[in-house]
Structures are given as structure tokens and as C-alpha cells.
Amino acid sequence: MDFLPDLANETPLWLALVTVGVNALVGALQASIDDDHHWDIVGMATFGLLMGLGGGFIRDLLVGNTPVESLRTPWFLATVLGAIIVALAVGEHIAKVTLLVELLEALALGLFSVAGVAYATRAELPIIAGIFVGVVSAVGGGVLLSVLKNEVPRILLASAPLALVALVAALVYAVTTTWSSRAAAVAGIGAALVAHVATRTFGLRTRRVSDGSALLLTRVERRDK
Amino acid sequence: MDFLPDLANETPLWLALVTVGVNALVGALQASIDDDHHWDIVGMATFGLLMGLGGGFIRDLLVGNTPVESLRTPWFLATVLGAIIVALAVGEHIAKVTLLVELLEALALGLFSVAGVAYATRAELPIIAGIFVGVVSAVGGGVLLSVLKNEVPRILLASAPLALVALVAALVYAVTTTWSSRAAAVAGIGAALVAHVATRTFGLRTRRVSDGSALLLTRVERRDK
Amino acid sequence: MDFLPDLANETPLWLALVTVGVNALVGALQASIDDDHHWDIVGMATFGLLMGLGGGFIRDLLVGNTPVESLRTPWFLATVLGAIIVALAVGEHIAKVTLLVELLEALALGLFSVAGVAYATRAELPIIAGIFVGVVSAVGGGVLLSVLKNEVPRILLASAPLALVALVAALVYAVTTTWSSRAAAVAGIGAALVAHVATRTFGLRTRRVSDGSALLLTRVERRDK
């Protein structure tokens, strides 16, 4: 398996920057397309920063990896800055999220998740903690963003099963990494992509717990996220 | 005092797990009994995790005890997982909080508070910081949960004096620990239990600050929390 | 430049305490003047603590400076406690923010900002990360406070350019500190004061990003914050 890159433990810088940049762009665009609030440039920048780097901040704080990793080099902040400038320049014109952006988001979800497990493992945490840290890394930035927007984070409500996709990636990686970390990272990220495409194609959504059967997914006709 | 266990510095694992489990159960149940939002399984799990482990996360981050302690062994996450399964299985049937659960919550409040003071003391923080860390440990999980539910944390409003009960436990422990840490832990937790029962029995509530006399408590007829 | 104090790296304790105290007082007063919610003494204390110490907490967590600095000595918590008592005692009578308090707030904003850059630099973070940490130190406490009040943080909306004033201080300090840290600190804090007075005098406000030209400021007739 040596021909595969070890995406979880030695994420190539370009790949990390692409995923952070895409997340930051998606976050920053939320400021332009939201008609309910008058977000200013600081709001847009904060959304980009939290969506791009927030999950990693939470991960690094929980495992004690400080100063938080994305601040140790200038590249991550520079990438987020670039994403904010792109969001300012193109604004609502790319607000209708394209397929490419969405696939990159699913890739980012998987990569953040398996990398989170790897970070926790390197901090000698048990595997269940690794899975927790992986999922939190993947979805934490979005949750922080929702909190600042004064909204309930969508992943906590009956909706597209984003956190479960991150959980699948973390579980696949955690189970297969004893065999090969390189294969496990590719498998985990691949599982996230497949799970994301599948839930989107079939319009699967989580159910509200008070309805019972909360462990099952519901199929809806409209494919909205 | 050697016959007493040192609950603050060497909390027996079973006791820590019981209190975390009860808190997690109470948190997870908030997803089933809330008719205002459509919480899904991720929401329920997040509420359980934050209510069970959130206060400890904040405590460990503030005192620099990382990786955060409850992630270092699998037991705490496994206990929270069990609590979530119980919440899923029994759902609203135990939603009407029983006296036992409430007493266990008061016990958890006292235990988290005195343990928080002990952690801060071991990190060589001054006593006033220890009391702050103790109270934050005890009520921090609930505050995080409120933030994700997009609600004002109830302890900040005129309501049952939960944070003051935690403060009493921390103060009693901080004052008596110079004499004996073992006796102090038992005294602090006991004080929390007594204060909780007293405020509940007499229906005591905090007052809004803008009314003046904010340091006094108000007695209300109805005993709602 | 040796005759200047090194305000960023060796902030005199009295100056740090004055700025923390003023911030805490402004925070605590938000509980008395808010008619929308019934904040109690715990809410008032929490607002004072977060507004006084919250930005420093975030800074110390991000750069790995734990236990967080303001808890290592009793002076900061004692100062916040004093500010809360003052807020309780005088309440709404000083709620109409005076010019002195406002100037002290601008001073605090500048001092927190340049100190944040200095902390990040000592943790060997690159300059762009230092500027990020500086701004977050300066405005983070207020953001945490808004989150607990269940409000959108005002700095994220079209409003008085508070975060940009902090950014100016951080940038001025970052650029000039290679020459002299002492002069840079004075220059950064001075820049914050000048920028604050200027934006207030001319009634400058940030614009919503969805209007385009989000990098410009708008002049409004009324000088409300």
C-alpha cells in the first residue's frame, strides 16, 4: 500500500489548503446570500475563518495540539483570506452551489474526519475518542458558524445526514487503519464521498428523535440539502 | 479523616461515570421532549455529550489539562453512548424527571464543582480561580447545550439558583480543604445536595438584577425549576 | 525608545487590570440595562467575566498558553468581581455610557490587540497569525457575550467598525515591531484610539457585503454606536 499517500497522517499541504479554501469560500458566501441579516466584511471574514479553520481549532484544543496547527504557518490564513476575496468578488453569482463545490465539500468532510482520527490516535487517545474527534473536526466549523449566526446548527435537526457521513468516514478509517493507514485514509475519504452522493441521490434525511425510529433515515422527494 | 474517600482528587471511576451518565441522559432527553425543534439522532447525541462531558472539557482547557481527560479512556464516551441509547429506548416515558434523577443531578453538580476546584489547585491556580473553574465545570455543559439549542442559558436568568448551588459547593470545599481534602469533598458535595433540596423545597429563585436586591433570592409558590 | 514602556510584552499590571475592569464593568452593565431578558446575578457576573477575560481566554487557548493567564494570579478575577459589585451598586445610573468609559474601551481594544500579537509572536506564530490572534483577543470577549445573550454579535453586522479598529492596532503594531516593540505598542494603541475617535466623529459604519463595496465605510448622520 506504499504507493498510496498517507492522507490522514501526512496530508499533502496542497490538499489541506484546497479543502480549507473550499470550506472557507462556502462559509464566506453565507454572508452574501443571507437576506435576513446585514453581515458586513467582518462577518464574511469570520464565517470564512470558522468554516475553514474552526473544526481544526476544536480538534487541536481537545487533543492538546497547541498552538493550534493552522496558525503555525501562514498558508492556511492566507488561503482563507484568498477565499474571502473570491467571495467578495464573485458574491452571489456562485451562490447557487455547483456540483464541483459540493463534491469538494464532501471530500473536505472525509479528509477532516480521517485526519481528526489520526490526530487523536497520535495523542494516544482510545479509538472511540478518535472517532469523536474525527466527527467534531469535520462538522465543528459549521456548528460554530451557526452559533454566530444565531441559528440552530442544521446537523442537529432532521436534515441531510452530514454528521453521519463524517461518522462513516471516521469509522471506516478507524477499522481499517490497523491494517494500513494509507489504505484506510483513502477508504475513509472514499466512503464519505460515496455516502454523500448516495444520501443526496436518494434524498435521505435524518428523522426527528421524538418520532421513534430515529436511527433510520427518511427518503424525501425534493433533493434539497 | 482517612476513612473518607478523596472524592475531589481521586474520584472513583464508578462515581464519575454515574454522574456523567446521569447528566448525559438528562441532556439527551431534551431532544425527545422538545416540541419546538425537530432534533435528530445527531442532536440527541450532541446534547448527551455536551451535558455529560462539556463542563469537563471547559475545565481541562482552562487549566491546560490536555488531551482533555474524559477522552483519554474509552469509559466516559462509552457511558455517554449508553445514556443516549437509554434515552432513545425510553424516550419521553422518563421525561417527567423523577426525584432520583434530580438528586443525582445535584450530586453531579457538587462533584463536578469540588473536582473543578481540585483540578485548578493541582494546576497551581489561586483559590479564587479554583472556585471559578469549579463553578464553570459544574454548569458549563448546560450552558454549551443552551447555546446549541439557540436559547439563553437559564442559569443567567431569574430562575432556580443552580450556579449558586455549585458556588456553595466550591466555596465549602475551598475553605475546608486546607484542613482535609477528603472531608472537604464530602462537605462540598453535601452542601450542594442540601442547598439544592432547600432551594427546591422553599421554591427559591434568583431575582433579575434590574429590580435591585439582586443578591437576594425570591420565594415562589409554584415549585417549577 | 527605551524610555517607552513595552506595553505589548510587559503590560504593567495596573494597566491590564484597568482595561479588564472597564471591560468587565461594561459587560456587567448589559445585564441591568437589558429590558428584554430577566438577567440575574449569575448572568451579570458571567457578562462581566466574559467581557473582561473572554478575549484573553481565547487567545491563550489558541496559542497554547495554559493554564490561561488571567487565572494564574488572583488579581484579574478580583478586579472583575469589583467591577460586578460596582455594576450592582450603581446599576443603570451609569448605563448611559460616558465619554471616559468609551475612551477606556478604545484603549482596552488597542491594548488587547497589540498584546495578542505579542503573545502569538512569542509562541513563534507567523505574523499573519499574530494579527488574527490580536483581533480575536480584542473582540472575542464581546462575541462570547453576544452568543450567551442569544444575539448576533454586532461586529459581524453593518455597524461601528470595532473589529477594524482592532485590526488597525494589530497591523500598526505588527509592521512597526520589527523596529521597536516599545514604540510599536504605543503606536498600535494610539492608532486604535485615533481610529476609534475618527469613526465615531464621522459616524462611519461598515456596509453589508451583499450591497457590494463592502470594503468601504458608510457615513451616517446619527452617531449611535
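Think of it as A, B and C in the order they're written, each chain with its own count starting at 1.
What we mean here is this: contacts are C-beta pairs under 8 Å (C-beta built on N, C-alpha and C of every residue); 3 or more make two chains touch, one makes a residue touch a chain.
Just so we're clear, the structure is a prediction, and the values are computed from it rather than from any experiment.
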item: Chain contact graph, described as a line, ring, star, complete graph or other shape; value: complete
item: Degree value of the rotation bringing chain B onto chain C, based on Cα positions, nearest 5; value: 120
item: Computed distance of Cα centres, chain C from chain A, in Å; value: 31
item: Sites on chain C at which at least two other chains make contact; value: 61, 66, 147, 150
item: Chain C-facing residues of chain B, complex; value: 61-64, 66, 120, 123-129, 132-133, 143, 147, 150-153, 155-159, 161, 163-164, 206-210, 212, 214-215
item: Parts of chain C lying in touch with chain B, wherever the complex brings them together; value: 31-35, 37-44, 46, 49, 57, 61, 66-68, 71-74, 77-78, 81, 88, 91-92, 147-150
